[in-house]
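We just call them A, B, C and D in the order they show up, numbering each chain from 1.
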Amino acid sequence: MGNTAPELKQPPAKAPASHPSGDKRFKILEVHMKKLQFKQDALIEVLHKAQELFGYLEDDVLLFVAHHLKLPPSRVYGVATFYHFFMLKPQGQHTCVVCMGTACYVKGADKVVEAVQNELKIKAGETTADNKVSLLTARCIGACGIAPAVVYDGTVTPRQTPESTMEQINKWVKS
Amino acid sequence: MILNDLIAVKEKELASQKKIVLRCCMAAGCISSDSKGVKEQLEIAVTEAGMQDEVEVRGVGCMKLCCEGPLVAVDPKNELYVKVTAENAPSIIASLKGGKANVEQTDPDAAFFKKQLSIVLANSGIVNPERIESYIAADGYLALHEVLNEMSPKEVVEAMTKSGLRGRGGAGFPTGLKWGTVAKSPGAKKYVICNADEGDPGAFMDRSVLESDPHSVLEGMAIAAYAVGADQGYLYVRAEYPLAIARLHLAIKQAKSLGLLGAGIFDSPFNFNVEIRIGAGAFVCGEETALMMSVEGKRGTPRPRPPFPAESGLFGCPTLLNNVETFANVPAIYRNGAEWFAGIGTEKSKGTKVFALAGKIKNTGLIEVPMGTPLRTIVEEMGGGAPDGGKIKAVQTGGPSGGCIPSQHLDTPVDYESLGKLGSIMGSGGMIVMDEGTRMVDVARFFMEFCMDESCGKCIPCRAGTVQMHNILDKILKRKATGRDLAKLEELCDMVRNTSLCGLGQTAPNPTMSTLRFFRNEYEELLQPDTFGAGATHSQPVTK
Amino acid sequence: MAAKTLTIDGKQITAEEGETILQAATEAGIKIPTLCHLEGVYDIGACRLCLVEVTGTPKLLPACTLKVAEGMEVSTDTERLRKYRRMTLELLFAERNHVCAVCVANGHCELQTLAYSQGMEHVRYEYTFPKWNVDNTHRLFGMDHNRCILCTRCVRVCWHIEGAGTKNVSGRGGKSKIITDLNQEWGDSESCTECGKCVMSCPTGALFQKGSTVGESERDRNKLEFIVNAREKKQWNA
Amino acid sequence: MERIKIATVWLGGCAGCHMSFLDLDEFLVDIADKIQVVYSPIADVKEYPEGVDVCLIEGAVCNEDNLELIHKIRARTKVLVSFGDCAVTANVPAMRNQFGLGNTESVLQRAYIENAQYNPVIPKADGIVPKLLDRVLPVHETVQVEYYMPGCPPPAERIKALLGQVLAGQTPKLEGTQLKFG
């Protein structure tokens, strides 16, 4: 929000220089924010960095960012939840992202998702109870030439089928 | 850096060129099929064969025929190896000394390649995107030099207008007119933004351009900045494109170190800095006002226009916003002249268009063709038709904002107006081929679900209307809907299209409307008889 | 400031440059329905109820953000616009759980008033019956998300008039939700100043003062305008 | 002149609309010679008759009985009027829809077990206690409805206005505050 709202002058945040938990990642995040001159318009860049460091954006991290950029927490939360890329909950040890772009869809990506959902008994966006595998869908990763594509732990893999996907996932489950 | 330095870089690069060049595709598609491993093994094989002095293994950008990747091309033998594995490397290297490699090849003179006309993709698959020298050797940054030294900003805008280039993001707004408006807008601070938030599912042209030839986009942006009087640029890239982001970072760093970006470019008073802003997964941020909100670090919600970004855009300043392909066209236009560009294409649609060909088609990948090329040439001659002897049913262009063009209209020339007449749009260039097995109502629901999920939620027609339309489409597919539901769907399509705040909502009904137009029978077959039992005399007064 | 002459619904009107169509129409006694618009805060053109037709422009434009121009011809009440307005209201009613009969704002609700004044006699779209919670944790106020129409008036008054930034929107699309701070319970908010402006601004029964009966829940919107005038123009005309 | 055959029916609702109907007071006497009430909760008629001219429907469609009846009404009636908010919007009866569409068991659990002070048991008697529908529906989502009269309940004046128009041989049209929900 805040389309044409005047930039707010917040009372100086009394945030500690680093996080009381002593977690070094907060220090790294702070250095990153400093590099961006604590600019409020760098919020999305900062959230990217935070997610890279922490794996997901928990309240503590969002509050830390809000204090340092001198933004209201509601604004930081609003931005973090607007963009699909940001995760507010921890992910499983392994992630399986099935591309559901048009090209992948017409070549059967929906069958891949269905197979994983049935086998793991979770829905897209969820993590297995043992916290091993998270199933996610993407809105097109631009790999249409090799559809359907699935991203296993960050590695794009071409021409997947329900069988090949389950094969990979079963390797994780058994590990 | 002055012109002589630039020429020196070019000559040095050309002089160090080895006799044989193995071009190895290092774009995201081929990397996912282990082209990195292929390149490594090729390098090892070259060393083992002691051919380091004659053979260069060059990592290049996209070589277009993505479905056959990883691709390796051999210059000057004009050979193109497909589906190369790391194990194939020694065989390919051995063949350089004569004989034939035991690796599958494809004909580099096949229609898929021969029918292409490359302007945007001219360097793609040729230059090494990670080395600025490679771009300079292909006459890179010459256009920027010429523009800065020999043209006034006004002349630059005039030339752009003359070229007839129209925005490649989808709507086809004349680029020269846009540049002129920003140039004329009063304001000490102006911005140039490159929209690289390629959000259409099924489109990967911009990703390939950024991965294959990032400097052409930077050069285009710099020329635009000079024309409109901006000194700051932003490249808004999707987070889903990590390789493109990495190459852009590298390209900006290299250009800065050579004085081609930054302060006093080519020793002129012109300054131009570019920053990368990474998106975070929101299709609506392809809409210009939403994109600017996102660059400002806010929720990417669009705002009503006017005021247009050209008058009041990023941080309230006049802002020029073009997409990747538009900027990538710019250097060539100034290098070869506006007349040259205006000579390509049709009367109203000039130049070429890059398409990402995907779906139920034999050859998937990137193609660049002159505007006005018939769809049939693209999907049948170049694409090779449907795989396994299937029949093409429709071609989808424009993604969630576009429509499905049925096979009987395959002779339509690809240009902004012709596609618009068929209820589709040029879009950014995604082209998904559908065969007889594809159910069109399912396609309509797929896109509606996409729009529903991607609606920002700001305006009511898009936020709530897409939900209702999706529910009706779902009901139709579940064979629970009646003619009444279909009528409601059509009424909502009209309403959402006319009342939504931004392009996302305004075009969300397009896939549904176009499938209704050409494949209405598929909808009707799913409808159930109406059991509502209307009152027999319902509009009559009941007095006896 | 230069004066601009234009016609709205066939009526010749003179307006100041920089004024919106909505302002010019209101001054001329022409009523354009609005929902997200609120005197005193900036406009966002989101509810689409104030869309008008402008001769020569194929697109419908929101009167709240459209500036007057010389010679402009504006229609605010055509058959087409009336139809779209009714549909917009129907979509809103189907979106969340608006049960007027048991609402604190019954009789003082802008959504309810708009529905009957625009002739919306029933909702043709299927109600979606989403499950939203009611935040009753604040000692003075409550928020019932079932009745929220996401007009963001509360967000804007909290930013623009109070300056606290307590309220914002989370999520997107139909899952958008008005939040307090980090999506926490209102009662736990550190930034809320308890000024009550958000409650004053709410067009429906989504935000309410605790303990007040239906009859009392009429909102004092003039107070918001009063504060803005006092702060920005240094004018205190109560 | 033959009298107009009027029916009123009570589906899932609180009967408040019928109370409001009775608030018509003298008007009921005024129109008594023009109408004939052929079916109504306030008249002891077991079977909904054929050839009804106008039917005022109070209440939402909540269970299988309601659904069966509404289809019968539709088949035997010229003009249907959704009478009051429950018929028009499904109103309060539909508030259960939020607590799990298609999950009627949890609704019964809440009503008859969790909130029961004495004798907590879910009434089940096939053929006697009608089964709840998966979701409570406004009348127009089940059959074609000609006219709508919102209000909870619609004030007597509003009923009078609509009936007056019908009896005068006009096409009924409610406007402005007469369309107010709640």
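The working rule: a residue touches a chain if its C-beta (ideal position, glycine included) is under 8 Å from a C-beta of that chain, and two chains touch if they have at least 3 such contacts.
Here the structure is a predicted model, which is why all the values come from computation and not from measurement.
With respect to subunit A, maximal separation of chain centres occurs for D (centres as means of Cα atoms).
Ranking B-C and A-B by contacting C-beta pairs places A-B first.
Measuring from the averaged C-alpha position of subunit B to that of subunit C gives a distance of 39 Å.
Remark: subunit A and subunit B have CA centroids separated by 25 Å (rounded to whole angstrom).
Here the CA centre of subunit A is 50 Å from the CA centre of subunit D.
Averaged C-alpha coordinates put the centre of subunit A at 34 Å from the centre of subunit C. Residues of subunit C in contact with two or more other chains: 44, 124, 126, 169, 171-172.
Among all residues of subunit A, those that touch two or more other chains are 1-4, 75, 78, 82. For subunit B, residues touching at least two other chains, in rising order: 282, 299, 303, 453-454, 456.
Interface note: chains touch in the pairs A-B, A-C, B-C, B-D, C-D.
Residues 42, 44, 152, 155-156, 159-160, 163-172, 179-183, 191 of subunit C are the ones touching subunit A in the complex.
In the complex of the two chains, the subunit B residues touching subunit C come out as 282, 299, 303-304, 306, 452-461, 463-468, 471, 488, 491-492, 495, 498-501. Against subunit C, in their complex, subunit D makes its touches with residues 82, 85, 88-92, 94-95, 97-99, 101, 135, 138, 140-141, 145, 148, 150, 152, 174-182.
Note for the complex: subunit B touches subunit D at residues 531-539, 541-544.
In the complex of the two chains, the subunit D residues touching subunit B come out as 1-2, 4, 53-54, 71, 74-75, 77-80, 143-144, 146, 166-171.
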